[in-house]
Amino acid sequence: MKHFPVQVLMVLMCCFPVFGGEATAVDSKITIDGSTTVGPIAKAFAEYFMNRNPQLKITVAESGSGNGAKSLVNATCDIADMSRFMKNEEIKAAVDKGIIPVSHVVAMDGIAMIVHPANPVKNLSLDEITGIYLGKITTWKELGGPDEKIVVISRDTNSGTYEAFEELALKKQKMTNSVEYVGSNGAVRQRIQSTVGAIGYVGLGFIDNTVKAISVAGIEPTRETIVSGKYPIARPLFMFTNGYPKLGSDVYQFVTFNFTLKGQEIIDGLGYVAVTQYQK
Amino acid sequence: MNLAGRKLLDKAFTILGMLSSGFLVIAIIILLTPIFMKGIGAFVFRATIEYRKMELDLFERGDREELEKEIKQAESARSPLFEKLKNFKEGISNFPPAEKKRLSESFHDFEMCLRELLGPFPGESVPELPRNKYGATRWDQALIKLKSVLYKEEYDYTNPSKMGQKIMKPRSKEFAGTSLENLFPYLEQNMEKILQPKFVFYRQFLTDASKDAHFFGGIGPEVIGTIYLTLGAIVFAVPMGILTAIYLTEYSRQNWYTSILRTLISTLSGVPSVVFGLFGLAFFINSIHVSQSKSVIAGSLTLALLILPTIVRSSEEAILAVPKTYREAALSLGASPWKMIVSVLLPAALPGILTGIIISMGRAAGETAPIIFTAAVSLGEAPKLLDIFSQPTPALSWNIYNLATEHQKVDQIRHVQYGMVFSLIMIVLSLNCLAIMLRSRFVKKLKG
Amino acid sequence: MASESMNEIERFQDGNARFLSHNKTTFQIDRREELHNKFFSFLGRSFLLGVTTISSLAVLFIFFFILRDSILFFQQRDIREFFFSTQWFPSRDPSEFGAGAIFWGSFLVTAGACAFAIPIGIMTAVCLSDILPFSARQILKPLIEILAAIPSVAYGFFALVVIAPLLQERGGQVLSYLIWLLGAPLAIFFLIIGEMSADKLFPKAKTAANFIITGALILLEFLVLYTLSRHIFLFKISSGTNALNASFILGIMILPTIVSVSEDALQSIGRELREGSYALGATRAETLLLVVIPAASPGILSAVILGIMRAVGETMVVWMASGNSAKIPDPCFNFFEPIRTLTATIAGDMGEADHVSGSMRYHVLFAMAACMLIISFSLNIASEWIMKRTRKKVTGE
C-alpha cells in the first residue's frame, strides 16, 4: 500500500520527543475518546492501569475516529483513538487552537471482508468488492454463489474504518445508497451474523467463529499477511496526544504500553496485530 | 338495519374492543417476559468452578479452602484429559506427513475450543487478559462451548442454488483411530465433575464494577451513574417547576402574557429528546462551558430541561385539585397569600406533586438521547460527588445501546445486556408503582 | 395540618395585637407594616415571575440556538437539494446533503406506526371507558401506565435482539400468522354484511339466506387467506432491521399515549349524552359509534396528534431497529427494506456538532433538528388548539 511506508516514517519520527510539547492532563485523570476499532485496546489498557494504580481514573468513550479527533482539537480529551491518520483539515484546526497532535501507533489492523458462514463465496477480488459497494453487483449469483440479494453493510461516515475502506478499496468513489450503515465494528459483525446474504468489513479483532472472513485477491487476512504488507486492506491504529507526553507520566505509559511484553500480549489476546511481530 | 343486525353489530363491536385490549395485554407480556426471565439469569445462575476462581482473584470473595478442595476434585477429573492430550501431542510425529498436517490443524482448532471451555491448560503461561484467564464461568455458556468442542460447525455448499446448510460434524470422527477418540465421550459424561456447577445468587451484580469490558463483574458504575444523573435532573427541575406552577396557578392573572408562558412550557414538552441532546451539547458544553467536555452536570441539566414541563403540569394539576375551601379558610384567617401557599396549599398538594416528581424520575432514568453526547461514556468508574462537574459517567440507558451494538463479543455478554435492561426496567417500574400508590392515597385523602 | 396552620395564624395575630398595643400611634405602624408586607410580596411575586419566565425561556433558547445554526446551512446550500435529493454523502468531497430519503424514512415509519396503533388504540380506549367492567379497568389502566413507562432503549433492545432475528429467520412464518390474525375481525365484518344483505335481498327466507351468504363469504375469506399465507410463508425478508420492525415497535410505544388521552376525552363527555342515546333505544355499539366517538372526536384527534408527535421524535428505537440506510425503498411503500430517519441521523452524527472541520456537516444536523422542531411545534399547537376548542365547547354549552 502506498501510504504504509510514509505513515511508518511519520510514526517513527513521532517516537522521538521531537515536538517537545507539554505534558498533557493531570495524571490522576485520563479521558479517551475515538474509534470503535481501537476501543477494545484502550479499554483493556485502561483496566490494566486502573488496577495497578487505584488513584488513576480513566474513561473511555467510543464515538468514532472523527469525533475523537474533534475532541482532541477541542482539548476535551487527552488521548484520541483513531483508526486512520488525522486529516489535513483536522491538523490545521488543531494547530490553530494551539494543540500539536502527536501520533503513536498502537497496533496493526487489517480490514477484513466478512460474510455469513453459510455463504459459499471464499474469495473476492478488489474489483468485485468495489463493484458490490458501488451497487454494480447486486446478487451473489454473479460471484458464484446462490441467487440471493447482497445486503451491503458499511460503517457510518464518521468512522476511521469507513474512511480507510473508502480510500483503500473504493478508491474514493461513492457508495451506492442501498448500503446499510451501522455505528461500530461490533454492529457490523452482528448484522452479518444474523443476515445470510450480507457482506461487510470489520477490523481484524472483531472476527470470530460466527462470521467468515474471506480472502481478498487470494490473500487471507491473517497476522502474517498484515505484518508483511501483503494483505491489501491493512492499516495502522493510532492514538493521538497533544504534544509528546512527559516521560514517565501516566499518559506516556499508556501510549507506550504496546511496546511492552504485557501490552503486546493484551493486543494479541484481543485479536489485533502487535507492532513488533510478537509471537505467542 | 333490523334488530338482529344491530344486535350482531353490538356483539361484534364488543368483541373487537376486547381483542384490542387483549392485544395490549399480550404485547406487554411478550415484551417483558423474555427480559425478565433472561434478566434474572444475570443474577441467579449456575456458576462453575471457573467462576469461583475468578471471583476470588478479581473480587476477593469466597472461601479459599473450599475452593482449593474443589479445584483438587476438578483436577482429578481433568487429569485424564490432559494425559490424553499430552500422549497425542507426543505421538503425533508417528503419523505420515499428510495425516500429520491435517491432524495438527484439527488439533489446534480443538485445543482452542477446549481452552475456551476449561481455561488455560496446566503448565501454560497465564494470559494477561482476564477473559482468557478462566474457562466458562456460567453453566449455560459452558454447555454452548462444550457443543463447539464436541462438534465442528461446517457448512455444506453442495447445493449451488441455496446458501450453505449448517451441519455439525462430531470432532471424534476427525480423530478416529487416535488416542483422542474416547476423550470426547469422557468429556461429555464428566462435565459436571470437571466444572462443578452450583447455583449462585450474584447479588453484587448491581454494585460490582465490570472487569474486562463487562465480561466479568457487574454493572455498578452504570447504576450509580444513572442515579447521579436522575438526582441531578431532579435537583435542577423540581424547585423551578414547583415555583413556576405556584406562580401560574396562584399569582398570575389570566392575561396574554400568562397564556404565552403556558404555551411555551407545553411546547417544551413536545420537543424531541434528540434535539435536547443537540441543544445540551451546543449550549451547555460549547457555549456557556458548564464543563470542559462531557460531564454529569451537563447531562443533568439537559435531563432537567426534559422533565421540567412534566413537573410543572403535574404540580399545577395537584395544586388546582386542592378544594377552594382550604384556601379560603386560610385566607379568611388573615394569612398572606404566600403563607397560605406554604402552610396549607403545598402540604395538601404534596402527594400529587410527589407523584409527578417520581414519574419524571422514571422518565429521566430511562432517557438516552439527551445524554449521548453530554454525559455518557462506555467505560469508566462511577463518579464521586466532587467529580460531577468534570467527569462523564457510564449510564444504564446508554450502555444498553453500547453493549448491544458496539461491543466486541456481543454474544458472550448477552446475560449482562439482559441484566442491564432488567435493572433499568425494574428501577423505572418501581418508581412508577410508587407514584401510582401515592396517587391513590392522594385521591382518597382529598375525597375525604 | 390545618389545625397547626390555624395555630400559627392565631399566634401571628396574637403577636401582632401585642405589638400594636405596645406602640404609640397605631396608624403609622399599620402603614409601615403594610408597606413592609407589600414590598416583600412584590419581591416574592417578581421572583416567582422571574423563575417562571426562565422556565419558559428554555424553549425559546432551544429554538434560537437550533434555528440560528440551521440558517447558516440554508444560506449556503440549496434548499431544494436538502429536501428533495436522495444523495446523502456528507463526508465526501464535494459533500452532498440530500436528505429526501431520510425525510421519507421518518414519514414511512411514522405512518406505519400510526396505521397500526390508531385503530387499536381508539378501540382499546372505547373498550376501557364503556365496555369493560370496573374491575378489569382497575387492572388494565396500571398495565397501560407500565407500557408507557418502559424506556425507549429497552424497546430498541427488544426490537434488535428478539424481533430482528425473528423476522430474519422466520419472516415468512411471522407474516403468514399476521395475515391469519387479520382474518378474525374480517370474519366478524362478513357476518354483519351477511346479516344485512340477507335482510335486504331475501326478506322472505331470511335465516336460510343469511346462513348461505355468510357461509359463502367466510369460506371465500378463508380460501383467500389460506393461499395468501401459503405464498407468504416462503417469503424471505433479507434484512431483519427494517421499516416494519421499527414501525411495529413504535406503534406499541405510542399506544399508551393514544389510549390514555382518548380515554380521558371519552370520560369527559359525561353521562347525559350516553344516557340520552340509550333512552332512545340505541344499542351500545350504536351509541358509541354514532354519539360518543363523534362527541369526543376533538379529544381523540388530539390524542392521535400526540401519538404522531411521539413517533416522529423517537430516537433509540429507530436507531437500533430500522437499518439506517439512506435510501427510498423500492417500491416506495416497501416496509421490508431498511430506512433511515431524521432522529437516527442526528443521533448518529451528533459528535460532529463541534466547530472544528466540516462546518456544513455540523449545520446540516441543526437543519434537520430545526425541521423536527417545526414539525413537533405545529403538531403541538394543533393539538392544544383542538383541546381548547373542546374545553370551550363543553363549558360553553
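Letters A, B and C name the chains as they come in the text, with residue numbers starting at 1 for each one.
We adopt the following convention: contacts are C-beta pairs under 8 Å (C-beta built on N, C-alpha and C of every residue); 3 or more make two chains touch, one makes a residue touch a chain.
In this text the structure is predicted, and so the values were computed from the model without any measurement.
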Shortest path length from subunit A to subunit B (each step joins two touching chains): 1
Chain centroid nearest the full-protein CA centroid: B
Centre-to-centre distance between subunit B and subunit A (centres being mean Cα positions), rounded to whole Å: 28
Distance from the mean Cα position of subunit C to that of subunit B, given in whole angstrom: 25
Distance from the mean Cα position of subunit C to that of subunit A, given in whole angstrom: 41
Two or more partner chains touched - positions in subunit C: 351, 354
For subunit B, residues that touch 2 or more chains besides their own: 373, 405
Of all residues in subunit A, the ones touching two or more other chains: 63, 71, 74, 148, 182-183, 197
Sites on subunit A touched by subunit C in the complex: 63-64, 66-67, 69-71, 73-74, 87, 89-90, 93, 148-149, 151, 156-158, 162-163, 174-175, 177-183, 191, 194-195, 197-198
Contact footprint of subunit C on subunit B as seen in their complex: 1-2, 4-10, 12-21, 23-25, 27-28, 31-32, 34-35, 240-241, 243-244, 246-248, 251-252, 260-261, 263-279, 281-283, 286-287, 305, 308, 312, 326, 329-330, 333-339, 343-344, 347-348, 359, 362-363, 365-369, 372-373, 397-398, 400-401, 404-405, 414, 417, 421, 424-425, 428-429, 431-432, 436
In the complex, subunit A residues that touch subunit B: 29, 31, 36, 39-40, 43-44, 46-48, 50, 57-63, 71, 74-77, 116-120, 145-148, 182-187, 189-190, 196-197, 205-206, 208-210, 262, 265-266, 269-270
Residues of subunit B defined as touching subunit A within the complex: 127-132, 148, 153, 155, 157, 159-166, 211-213, 292-294, 373, 376-381, 387, 390-392, 402, 405-411
Complex interface listing, subunit C residues touching subunit B: 1-2, 4-6, 8-10, 12-13, 37, 41, 44-45, 48-49, 51-62, 65-66, 69, 119-121, 123-124, 126-128, 131-132, 140, 142-147, 149-158, 160-162, 184-185, 188-189, 191-192, 195-196, 199, 252, 255, 259, 283-286, 288-289, 309, 312-316, 319-320, 343, 346-347, 350-351, 353-355, 365-366, 369, 372-373, 376-377, 379-381, 384
